[in-house]
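Two complexes, one shared chain (subunit A), two partners (subunit B, subunit C).
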Partner chain A sequence: MAYEITLITSMAISVLFALSLNFITGFCGQISLGHAAFMGVGAYTTAAMMKAGVPFIATIPVAAVLAGCLGVLVGIASLRVRHDFLAITTMGVVFLFVGIVRQQDFLGGEIGISGIQASSFGRIGFMAFCLLLAAAFAVFSLVIKRSWMGFVFDSIADNEDVSRVLGIDVSKYKLIAFVVGTAAAGVAGSLYAQQFRFVGPDSFGFVESVSVLAMVIVGGIGSVWGVAVAAAGLSVMPLMIQFVDDYKILVYSALLFSMMRWAPDGLAGIVNRSVKRIRRRS
Partner chain B sequence: MLYLELLLQGIVQGSIYALIALGLTLVYGLLRILHVAHAALFTLGAYLGVIVTNATGSLVLATAVSMVVTGVVGMAVYKLAYEPLLGKPPFIALIASIAMFIASEEIFRIIFGPYGLSYTNPPLQGYYEIFGGFYLKYGEMLVIGLSIVMLSILGWLSGNTRLGVSWRATVTDPSMARAFGINIQNVRYLNFFIGSALAAAAGVLVALLNNLVEPTMGSVASYKALAIIVLGGLGSIRGTLVAAMAIGIIESFGTIYLGHILGRDALAFAFLILVLMVRPQGLLGAK
Partner chain C sequence: MQPVLEVKNVTVRFGGVTAVDNASLTINRGDLIGFVGPNGAGKTTLMRVITGIVKPQEGEVLLEGRSLLGMSINQRIRAGLALAQQIVQPLRAMTLLENVALACGAAKTSNPLVAMRSFDRSAENQRAMELLTRVGLKDAAHSEPSKLPLGYLKRLEVARALALNPKLLLLDEPLAGLNQSEAQSLADLIKTLNADGLTILLIEHNLREVMRICPQVYVQELGRSLAFGPAKEIMARPDVIRAYLGGTVDA
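After this line comes the complex of A and B, so read on.
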């Protein structure tokens, strides 16, 4: 049972993390190759505060605020660059984050922070808490997607210049997307620190940023349920394909490649297409 | 004295970055794809170089074989992976490319083992004394020399031959180029061949400098080369060369003077972000 609890908790954290990126990349069309940095800010905040004796629950809002503040900074910087330049700038953010954390003694430097105490939730309680937060953010995403703001995001993702001509304050909405997405990533980081009781600079690097982007794209960029399913699936897939042991990563990357090659609109696209086909037949 | 040494180290590193990043720029200029898997071709080139050298004893032969084979593999990557994705949003090709790159690291590990290979008789390991107490490795001189030669050949090709002109025409305006009877498909193949061959040459040189090839040696090249082509202004060849040298030299000085604040990789990206804030189109990019 303990194994299942750990598994479900990790899935919930991944779902929250992937949905937070979906808010920026999926809704607002701003690609990010450095999203793990924001999760890292959240995780380190919780780790450092809990080491200082602050209870877990109290660290979550602080983690969200700090990650969101960094999100605003990166967002403002990102307003100056677009498309591929933006992708590489955000990639730079994650390298800077790792580079800076490595040199900070109060964050444990290379070794990271270990021995974070357990929260008062207990294991099952913590699992429920993670599921609750992930579900809450999924509902929030769905509400935003169908609101007026969702349409504005859509139009910015579709064509920034046209949106600007229509009188939309593009910069403002991009910043909103960045703040919400990065703050949620900070919360996911908080949960991560509590789940693993350890944070280190290698846990929030470029590879992690790419894997979370892979979750969003495999799920079907912008689709809330698609991304949630993909995040849950991809986060446990390395464990599920344990039987191919030595070829685990190879299988993972081959699947990712095949997905892009033959179904680039992701799970959501596959399902939408099959639903249409069935409807047409009936 | 220290300054001069650091500067030379920076130039050596910059030359290698230039060889790797040039292929990326060529691909980006033509297809608007961030070709992360380019670093896999760099690693493949390095492995081929070491294996052929160990088998035949000739570094020259090994470099040639490595460049040709890797060039052909590069053409296959275009045909099998990128061609079907050309009409799709750019991040699709980016993720596909990253997946290919991760897969390649695994394949190298499975085939050649996790610990890497070395030259049995490492060639060109001697030193040459330029002046009083100032040495340069033969390998390092080869890096600088070969880069200059190859980049000059490329520059001459693109400026003075039919091939080069048709390439530049395709980059500027593909549909117009097609209307003038240029076979765009061939230009793309050529593009991938040359870019991948240059990456292979860089791989052989890095293997020579470190006397080691490992499955993960491409990971630094994968993201730093991206930073370099963005810094240079995406698709600008001259910009890429300037950026490669700048990053090489900044890293070499930075690790000494700023190493206690930021690591080597972080320095390159800090510089990148600073430049992009002032010039969002890169150093030599067009607005």
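After this line comes the complex of A and C, so read on.
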């Protein structure tokens, strides 16, 4: 039973993390190859604060705010770049994050921070808490998608020059997507720190950034349920299949590549097309 | 009466090349002005100065007396400009109706906090349908742009621009790439829109249609304002004819 609890908790954290990237990349069309950095900010915030005796719950909002603040900075810096250039810029962020954290003694340097206290939730309570947060963000995403904000995001993802000609303040909307997405990643980081009771610089690097992007693309860019399913599946795969754990980056990259090549709209696209085909037949 | 748009002594240089040289133009309410000139006359550059893509080195652009310089494109659109671009740019993942409805929702999209709390699109969809009907695209309202011919997309550009309720509509070569009958019917539409009170600046190479629908023309040559006034009079002037047919300018 303990193993299943761990599995479901990891899954919920991954879903929240993937949905947070989906908000930026899927909704607003801004690719990010450095999303793990924001999870890292959240995780280190919670770790450092809990070490100082602050209760877990109180660290979550701080983690969200700090990650969101870094998100604004990166967002502002990214407003001038698009497409491939944005990918390179955001990739730089994750390398910078890891590079800086390694040098900070108060963050444990190379070794990281271990021996983080358990929360007062208990294991099952914590699992439920993670599931609740992931579900809440999924619902929030769905609501935004249906709103006029989602409509504007669609247009920016489609062609931001046209959005401008239609009088839309593209920069403002992009920044909002960045803030929401990075703050949610911060919360996911906070949960991560509590789940593993350990944070280290290697947990939030480029590989993790690519992994979460793989979840978003495999699920179907912009599709809330598709990304949630893909994140749940891809996060437990390494835990259940030893081979995947050993060759994680290889497997994820192969999946990423195959999806881009054969089904760029991901699982959601595949399912939608099949449903349409079946409906047409009947 | 205050002019809708005033372009005053605008000069644009790209490196050593002067693309627009001390150009001036005044557009009054209800005008339909044909903006013509040979290739390289700086028409597109002046248009870009008005929309804000290009910054002029000198000069002033006023919309109803308010300076536009220093404003971004989206701010200028909110101030009352609308643009139908030469190269059609539909939002490809959306239907024509959604393309126009998004533009109709300016009141909701101007503030993101309002946008995230607004869900109802029925009023905008209804207005978008009216506009699509007006430009003759009613039947294609639920089609995706990628499946439609250029003539439809040119009309979509116009419908989307109308959705912004502009004080001034800028049309950048709307007839380019269309065959004669398509060009004629779109030109008729432009004339009707103007007759209904819309102020329009029409950049166009198709002189025949410009002469047919525009009461006034503004001619630019080598970046300079060459002539501005009643279409028939202007196009009969020897210097204008020379600018079009080539040849040296005599002293």
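By definition in this document, the second predicted complex is superposed on the first by the 267 of 282 C-alpha atoms of A that agree within 3 Å, B and C clash if a C-alpha of one lies under 4 Å from a C-alpha of the other, contacts with A are read in each partner's own complex, and residues count from 1 in each chain.
Convention: a contact is a pair of C-beta atoms (placed from the backbone, for glycine too) under 8 Å apart; a residue touches a chain by one contact, two chains touch by 3 or more.
For clarity, every value in this text was computed on a predicted model and none was experimentally measured.
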| field | Partner, of subunit C and subunit B, that touches more residues belonging to subunit A | value | B
| query | When the two structures are overlaid on chain A, which partner does A:Phe106 contact: first (subunit B), second (subunit C), both, or neither? | reply | neither
| message | Between subunit B and subunit C, whom does A:Tyr3 touch in the aligned arrangement: first, second, both, or neither? | response | neither
| request: Using the superposition on chain A described above, determine whether A:Gly167 touches subunit B (first), subunit C (second), both, or neither. | output: second
| request: Look at A:Ile144 in the shared chain and tell me whether it touches subunit B only, subunit C only, both, or neither; answer first, second, both or neither. | output: second
| query | Counting only touches as set out at the top, which of subunit B and subunit C does A:Ile176 meet: first, second, both, neither? | reply | second
| Contacts of A:Ser155 with subunit B and subunit C, given as first, second, both or neither | second
| request: Using the superposition described at the top, list the residues of subunit A that contact subunit B and also contact subunit C. | output: none
| field | Touch list for subunit A against partner subunit C, complex | value | 144, 146-149, 151-152, 154-155, 157-159, 161-170, 172-173, 176
| field | Residues of subunit C touching subunit A in the complex | value | 51, 72-75, 77-78, 83, 85, 89-94, 98, 102-103, 105-106, 108-110, 112, 114-119, 121, 160, 164
| Interface residues, subunit B side, partner subunit A - complex | 28, 32, 34, 81, 84-85, 88-96, 98-100, 102-103, 105-107, 110, 223, 226-227, 230, 234, 260-263, 265-270, 272-273, 276-277, 280-282
| query | Across the complex, what residues on subunit A touch subunit B? | reply | 31, 77, 80-85, 87-89, 91-93, 95-96, 98-100, 102-103, 206, 210, 213-214, 217, 221, 246-247, 249-250, 252-254, 256-257, 260-261, 264
